[in-house]
Amino acid sequence: MSLPKISSSSAIQISRIMRPDDANIAGNVHGGTILKMIEEAGAIISTRHCNSQDGERCVAALARVERTDFLSPMCIGEVGHVSAEITYTSKHSVEVQVNVMAENILTGSKRVTNRATLWYVPLSLTNVDKVTEVPPIQYEKKELEEEGKKRYEDQKLERMETKQRNGEFIVPSVNQEEYTVGYSQSSLIHLVGPSDCTLHGFVHGGVTMKLMDEVAGIVAARHCKTNIVTASVDAIDFHRKIKKGCIITISGRMTFTSNKSMEIEVFVDADTLVGDTQERYRAVSAYFTYVSLSKEGKPLPVPQLVIESEEEKKRFEEGKGRYLQTKAKRQAHMQSLTQQ
Amino acid sequence: MSLPKISSSSAIQISRIMRPDDANIAGNVHGGTILKMIEEAGAIISTRHCNSQDGERCVAALARVERTDFLSPMCIGEVGHVSAEITYTSKHSVEVQVNVMAENILTGSKRVTNRATLWYVPLSLTNVDKVTEVPPIQYEKKELEEEGKKRYEDQKLERMETKQRNGEFIVPSVNQEEYTVGYSQSSLIHLVGPSDCTLHGFVHGGVTMKLMDEVAGIVAARHCKTNIVTASVDAIDFHRKIKKGCIITISGRMTFTSNKSMEIEVFVDADTLVGDTQERYRAVSAYFTYVSLSKEGKPLPVPQLVIESEEEKKRFEEGKGRYLQTKAKRQAHMQSLTQQ
Amino acid sequence: MSLPKISSSSAIQISRIMRPDDANIAGNVHGGTILKMIEEAGAIISTRHCNSQDGERCVAALARVERTDFLSPMCIGEVGHVSAEITYTSKHSVEVQVNVMAENILTGSKRVTNRATLWYVPLSLTNVDKVTEVPPIQYEKKELEEEGKKRYEDQKLERMETKQRNGEFIVPSVNQEEYTVGYSQSSLIHLVGPSDCTLHGFVHGGVTMKLMDEVAGIVAARHCKTNIVTASVDAIDFHRKIKKGCIITISGRMTFTSNKSMEIEVFVDADTLVGDTQERYRAVSAYFTYVSLSKEGKPLPVPQLVIESEEEKKRFEEGKGRYLQTKAKRQAHMQSLTQQ
């Protein structure tokens, strides 16, 4: 068997089987899964091309994706074939065209599901602010180069225009004062996938706890702006089960700070989006304690939480109560150990 | 070959190497990664035990985790060993005690990093609302049973009490009226990990697009409450790079609905949390179009977006403009095809 | 841009960038990551071929992987290209040959890292105990068919033989002396999830091999306390299928050390926890060979295994036999190459 030859401008093909985790509960592969495969193919082919001549080593960075239509959904068990080709180069950018095909390996049927055009810019490996030069490609016909140049000019113009489109921030946490509860408060959404679930179709408790710790860590990092690690987790009760296909919102807010620790309250709320009965309910809640570490791994002082309301003050006092209780328990435990 | 039998009460051990994606940029394994391993060990041993006698098949569901301390952080490249043992059973619940040890396989050093206690309840596989009976375990000494019973009573009491702790919803989107922009508006946070990044240490464009599609899909599903799929993505410009260790917030809101499609605007904002210069900036934005599908895969009518402000009205009109423009282009393209 | 044509017997290529999570801390991609990609390519091409004629729909299940050498380690950031081709078919089995190439897209250098031969058996989608018929392939020359037939007969014989290799269970022990078998012996447990499985609901062979390589790597690292990489994998027979929802225990122990290599025996045992019939059975077993590398990537001497029992001595001698046989084969192969 001979090895496939690879030239700097030759096409690349990425193929893989679509798995349950790539799809929604109806079995349709997420558009995002396909976009990720498309970009991986584009990044490989353009990085390879931009390094095909002697000179500075670079990595191609995605600058723009043209409008993309999803002509037909892909399904679990089908094989997605993504093939990419370089179709135009300017001095500092590469145009890649990508075709996506779905193949049902059981019936043998194939269909085109996507076509996409991506623009890459090569950035120097040693100096990421430097754009390196792109080696020119050979065109089969002169018209192909001219059409490419037109696409290049068009996208350049559009990029200029859309650079303005920014709008306000949807999540307004930046407008808050530092060290307040609102400043570090965070929440994330997670769409429950097959691998998150037991044979019953309910979310593993461990998956929920991992997401809770993730949110708590983001809150702690936003507050301290240092390397933070989990020190302890309060008892967690799992009041209600969370079903496959739900959307869960995990929210965290700081409740208390001592000299060297922070307490973060985390809530998990489940939305049964699709189905007969739609409801939203609190599934789990817990307190996480974090500490801030220096680069050498030593505990750092924690900036004190700025309290702005009666509610926050009440929660702070309750947190202080839990903190002092734990401290007392630990000291009693230490004493009992030394007296033995 | 006869394999040694595993007795229902025997211990279980889960071990695995800690990988870059399990840890933060300082190399400390996330507490959540360890909590997830702990729970996996607990779920296996308690499910095995609850099915050890003839009778209804069941899966053990996590009901409660006792307070857990993280004595020392684990690092990338170390092997985490999680060992679990059943220490008490009541009629309908199982107590599992778990020890976590970190082993540096290069130096041979080992240390205890965690101890945890988890409570499971067996749910019937055929009827998830039915709690099945737990086979009793044998205790080496009578005192062990008595101590277990005390822990059981204590946690039962605490569970009753904490069932009340709920507080308000941090993200108040539920209070919104259905079909408004605010009702379906969603955002998710992602902590950029090593596997999200290029050799430069910048996020792959494909990773960003996958998250954008995920948020857009959640917005669309919240609006329609049906099976939804990506129909197209507008041109996306990547204005600014996103660095490893950043926190990115991906937010989506509905801008426009036609009879059979929805347009969702998605923003990606990056926070450079840790480091010398802290800033928050808009990295990417784009419009996604989704359609709603019936169980048979046919397009369904989309509920009309309810507009509540001048801002929303302006965005709706702009969305309508994009929709009509795309439609016109497609018709022109079709005509050019038929005339060829 | 024209679409790639796919015929039932045409080759397939799977390519992707190697990420941090695919590799050890020294940056070398795990052998298991590559075995998983190899098996994915093999499963796609053989399932496609077995469904290329009208008749019962089936999924190709991995039955055996021939001895595989890892000629050179792959690194993070390189692109792995896995190309597979069907080279022989019998009535009920398919032989797939796979080439793996590493491409450094920054320097343009490419090298072959692996060659592998896999055997698949098609199982009916509706009745997994039924093996369906394989459509014959066309051979370019008559000799190719004859050579294939010989390989088919050889592997059939070997499969019969190795079906016996089972041995006792590996039970972990901690407080062992360094360099003994017990000291490095390791096992890990994995709960089979949906994304580990084929459309049938059985674990992909590639998923199993990845876990086997992970355990073997932990055993090797514990013994050497250095950067270790997979050098080769002995032929692996997949005696029994593993079903979704099973718990699998993967155990490894060192059997033999030469001056510069270690042989590790790995067992995969499946527990059908939930379901009508609960049983535990040996599903797969294999020998992995690892080498120890210095920071510069040069092979290091391996500490000799300390033998403590008659059993261990017997396994050591058998390992030595396999080692000498492989060495002799390689030398014969080299001579035949130089004489050509």
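So that you can tell them apart, the chains are marked A, B and C in the order they are listed, and the count of residues begins at 1 in each.
In this text, contacts are C-beta pairs under 8 Å (C-beta built on N, C-alpha and C of every residue); 3 or more make two chains touch, one makes a residue touch a chain.
Here the structure is a predicted model, which is why all the values come from computation and not from measurement.
Matching the C-alpha atoms of chain A with those of chain B calls for a turn of 180 degrees, to the nearest 5.
Interface note: chain A and chain C, two copies of one sequence, contact each other through mostly matching residue numbers (shared numbers exceed half of all numbers used). Taking each chain's centre as the average of its CA atoms, chain A and chain C sit 32 Å apart.
Put simply, the C-alpha centre of chain A and that of chain B have 11 angstrom between them. Among the residues of chain B, those in touch with two or more other chains are 40, 43, 59, 125, 199. Note for the complex: chain C touches chain B at residues 19-21, 24-25, 76-77, 106, 166, 168-169, 171-172, 178, 186-189, 191, 214, 217-218, 221-222, 225-226, 247, 269, 271, 273-276, 278, 280-282.
Of all residues in chain B, those touching chain C in their complex are 1, 3-6, 12-17, 19-21, 40-41, 43-44, 47-48, 51, 57-59, 76-77, 79, 105-108, 125, 194-195, 199. Across the interface of their complex, chain A is touched by residues 24-26, 28, 30-33, 35-40, 43, 59, 61-70, 73, 118, 123, 125, 128, 155, 158-159, 162-163, 165-167, 169-171, 174, 185-191, 198-200, 202, 204-207, 209-215, 217-218, 221-222, 225-239, 241, 247, 249, 251, 253, 265, 267, 269, 271, 273-274, 278, 280, 282, 285, 288, 293, 295, 297, 326 of chain B.
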